[in-house]
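In structure tokens below, several structures.
Shared chain: chain A. Partners: chain B in the first complex, chain C in the second.
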Partner chain A sequence: MNNETRRYHLAVWIVIASEALLFAGLFALYWSYRAEVPSLFASGITQDVHWIGALNTFLLLTSSFSIAWSILQTRNGRRRAATVSLVVTLALGAAFLVFKLLEWGMHARDGLVPGSSLFFTLYYLMTGLHALHVIAGMTLVTWVTLRRERDLALPLVALYWHFVDVVWVFLWPMFYLAKP
Partner chain B sequence: MSFWTHERGLTSWLATRDHKRIGILYLATVLVFLLIGGIFALVLRLSLVTPNNALVDAHTYDKLFTQHGIVMVWLFMIPSIPSAFGNFLLPLMIGARDVAFPRLNLASYWIFVTGGIVVLVALIAGGVDTGWTFYTPYSTAAPTAVTWAVIGVFITGISSILTGLNFIATIHTMRVAGMRWRDLPLFVWNLYSTSIILVLATPVLGLALLLVGADHIWALGLFEPAQGGDPVLFQHLFWFYSHPAVYIMILPAMGVVAEVVSTFSHKRPAWYGAIVFASIGIALVGFLTWGHHMFVAGMSTFDSGLFGVLSMLVAIFSAIKVFAWTSTMYGGRITLATPLLYIFTFIFLFIFGGMSGVAVATTSLDVHWHDTYFIVAHFHFIMVGGTLTAFLAALHYWFPKLFGRMYSEAWAKVACAAVSVGFILTFTPQFLLGNAGMPRRYATYPPQYQWLHVLSTCGAVLLALGMLLTAGYLVVALVRGKRVDNPWRSASFEWRTSSPPPADNFVDAPQLRDTYAYEEVAS
Partner chain C sequence: MTARALILTYLLLVALAATSLLVGSTPVALLIAVAKTLLIALVFMELRHAHASDRIIAVVAAFFVLLLTLGAFADVITR
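The block that comes next holds the complex of A and B.
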């Protein structure tokens, strides 16, 4: 790695560390409240729409694969294949957001809005903050798709995209699977 | 041609990517905030001369101490040394032409200005009366401009994170060829430790404040007991940042002390490795001490004991540094110039503030002193006094570096005496007030406390006069000061280039040299 590449990689890792701490604050709140009022979290988790949670996990994990695939294609000099793979990544990210919106709408119809209970306040805050990160990640993926030079930028964007996926991998069990 | 005259015109400043110009912009901006925060403090002190609201009513008083805290902490002390002097000096000290990401550096400055303006908007839009700590549940229901204030502080936080990121990347990848980590000047090591805290602690504060803002707007009840929320959880999130934040303030100050002590003793710093170890140690242990702000918030005995002991660990690291600085001076050829005099005040304040810190980290004693003037005096001694004296030392030490001109040493010594005596006189009575039971943040008080409050206000006035005098002779020096290059005969890397430095820092490609080679200078 030359100095410039090192500099950018370091910067992205620092951003990721910083963002991880941003989520950590909410995670700390979640686990503290879960320990204080477990019943609220047990009933909250049964009210979430499980098929959307599972589907969204599938979408994001697949998008992580497709962006990794585009790096491989870029290294092999197949620019068009890499572009296709990036567009697939964007489509998967967009599908994730559509289903997320759908789920929020279903909750809102049932009267489960921010402020209705601690569980749902945290649910909206954490999935909402994550959705903002998905949007940020998609913006970066779009930028790198339109860029001529991808050798330096694409692995960095992919790193960030993986981070956004990893956060979801934690949110999924916390809001859909693991009852206290 | 220096970086001052390299380009001309307003846009060459406002859109500059030169780390030196950005440092100067930061310096000018934080000085404005220091003035604003200082005026708030002075009005507070004047109002406390009599037991019953000499100057302002109780509600105005609440707003003033809140705004004094917000402005001083987030708009002056956090950015003061790292963003102003750090930006200017870091590349010079490691032989680089600029920081790693110059455009990001400029963005960071403008984000800071934006945050500062939003905070000022909060002051105009009715002010904030929650205390700078924004404790819930009051802050989420307070009928004042809390939302504006937390958004402003959040924005300045983004600026902090970007500056920290830039410094870490710069130190890792921009060092002059051959410069190893153990060749780094001590100021750079302290900037590095500070940057780690900036990057890892600031997001937690940002989150906590956004939650307060969201709660304030939409009544989410996240910290509201009536809706099942737990207000103490906010305190945990807040102090997880705000305790390390005192090390954001004091670590760069310690870096200044190390440089000034070495230069004015004309001697290599003693115990280089120990100082580096202590800096990193403070940065890391600093993340594990936040609970000592919450001993009376229902914390278990075990947790309190643990946080107490961890807090005392910081005193060990700090003591290592004090011994290292004093033994650097021992046997040196000392020049008693203003920067070093400010460092003497720093060391005095640091020792007494630090020892009172060990005292308040002791749970049983803290119960007596919690939320009294004793705490106010403690953190003003160590955090404010430490940062302010080191900031002034840095301002005088590097004034010739920044501007290529010399200020009046005679007036500077008078001002230094006024600032030092004024500061100590302001806060020593507050230790006594707190110990006698005077709670903090009260606009009125029983008459038996009056003589101590009057003494404290006298100190504050003296301090203000000293600061005014400083502003006066420094402005004169900007225009009429004698042109100098390296008046201190410092061996440090940043003095190897001309003062003020050329636009790209070094005329010839910088060569690695020992930054503390005083044996060479002496001969």
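The block that comes next holds the complex of A and C.
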């Protein structure tokens, strides 16, 4: 890795660290409220659409694999295979957003909107902020897919995409699995 | 990064996610999330082979996320 590449990697890691601290503030809020009113969170978790949570986890984990696979293909000089992997990553990201919107719609129909309870206010805030990060990640993946030269940009975009996946890895148990 | 390492990591991630569905306990679900994060960071994000400065940033960020979350949680449960 030359000095220029190293500098870019360092910059992206600093961005990821800043983003991690943004989510850390929300995690702190979630866990302190959950410690204070555990029953509210227990009932909130039972109201979430569990199959969508599990499916979205599978979609994002697979998208992390496909973007890592595209880096491997790029390094092996297989541009076409790398492009296919990137398009798969985009499709998985889009599917994640479609299911997220579907879930929000189902909640809204049941009257579970931001402000209806502390749990659902945090749910919309945190999953909404995460969805914005997915959109930002998809924009970057689209940009790198369309580039002729990807050697430098692709691993940097992939770092960000993996970070978005890691955030969801924690949101999933917090909002769908772990009952207080 | 090899094809074998990527495929193995992906299969492990899916297996861990499936395990999460079976456990009802919060600490276990969070421990599984930490295990998945380590796999993604070390293999997919190539932190294993990253420069020391990148690794320091990742570890310090993780430490502060943990400190902030546990600090807020501890404040409420020790009142």
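Just so it is clear, the second predicted complex is superposed on the first by the 180 of 180 C-alpha atoms of A that agree within 3 Å, B and C clash if a C-alpha of one lies under 4 Å from a C-alpha of the other, contacts with A are read in each partner's own complex, and residues count from 1 in each chain.
Criterion: a residue touches a chain if its C-beta (ideal position, glycine included) is under 8 Å from a C-beta of that chain, and two chains touch if they have at least 3 such contacts.
Just so you know, these numbers come straight off a predicted model, no measurement behind them.
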Partner chain(s) touched by A:T89 [first = chain B, second = chain C, both, neither]: neither
Contacts of A:F170 with chain B and chain C, given as first, second, both or neither: second
Touching partner for A:L22 - first (chain B), second (chain C), both, neither: first
Chain B versus chain C as contact partner of A:T127, first or second or both or neither: neither
Contacts of A:N3 with chain B and chain C, given as first, second, both or neither: first
Partner touching more residues of chain A, whether chain B or chain C: C
Partner chain(s) touched by A:S117 [first = chain B, second = chain C, both, neither]: first
Partner chain(s) touched by A:I71 [first = chain B, second = chain C, both, neither]: second
Which of chain B and chain C A:E36 touches, first, second, both or neither: both
Partner chain in contact with A:S63 - chain B first, chain C second, else both or neither: neither
Shared chain A surface residues [contacts with chain B and with chain C]: 6, 10, 14, 17, 21, 24-25, 28-29, 32, 36
Residues of chain C touching chain A in the complex: 1-3, 6, 9-10, 13-14, 17, 20-21, 23-26, 29-30, 32-33, 36-37, 40-41, 43-46, 50-51, 53-54, 57-58, 60-62, 64-65, 68-69, 71-73, 75-77
Partner chain C, residues of chain A touching it in the complex: 1, 6, 9-10, 13-14, 16-17, 20-21, 23-25, 27-29, 31-32, 35-36, 54, 57-58, 61-62, 64-65, 67-69, 71-72, 75, 155, 158-159, 162-163, 165-166, 169-170, 172-173, 177-180
Chain B to chain A touching residues, read off their complex: 100-101, 161, 164-165, 168-169, 172-174, 199-204, 206-208, 211, 214, 218-222, 227-230, 233, 236-237, 240
Chain B-facing residues of chain A, complex: 3, 6-7, 10-11, 14-15, 17-19, 21-22, 24-26, 28-29, 32-33, 36-37, 40, 114-115, 117-118, 121-122, 125
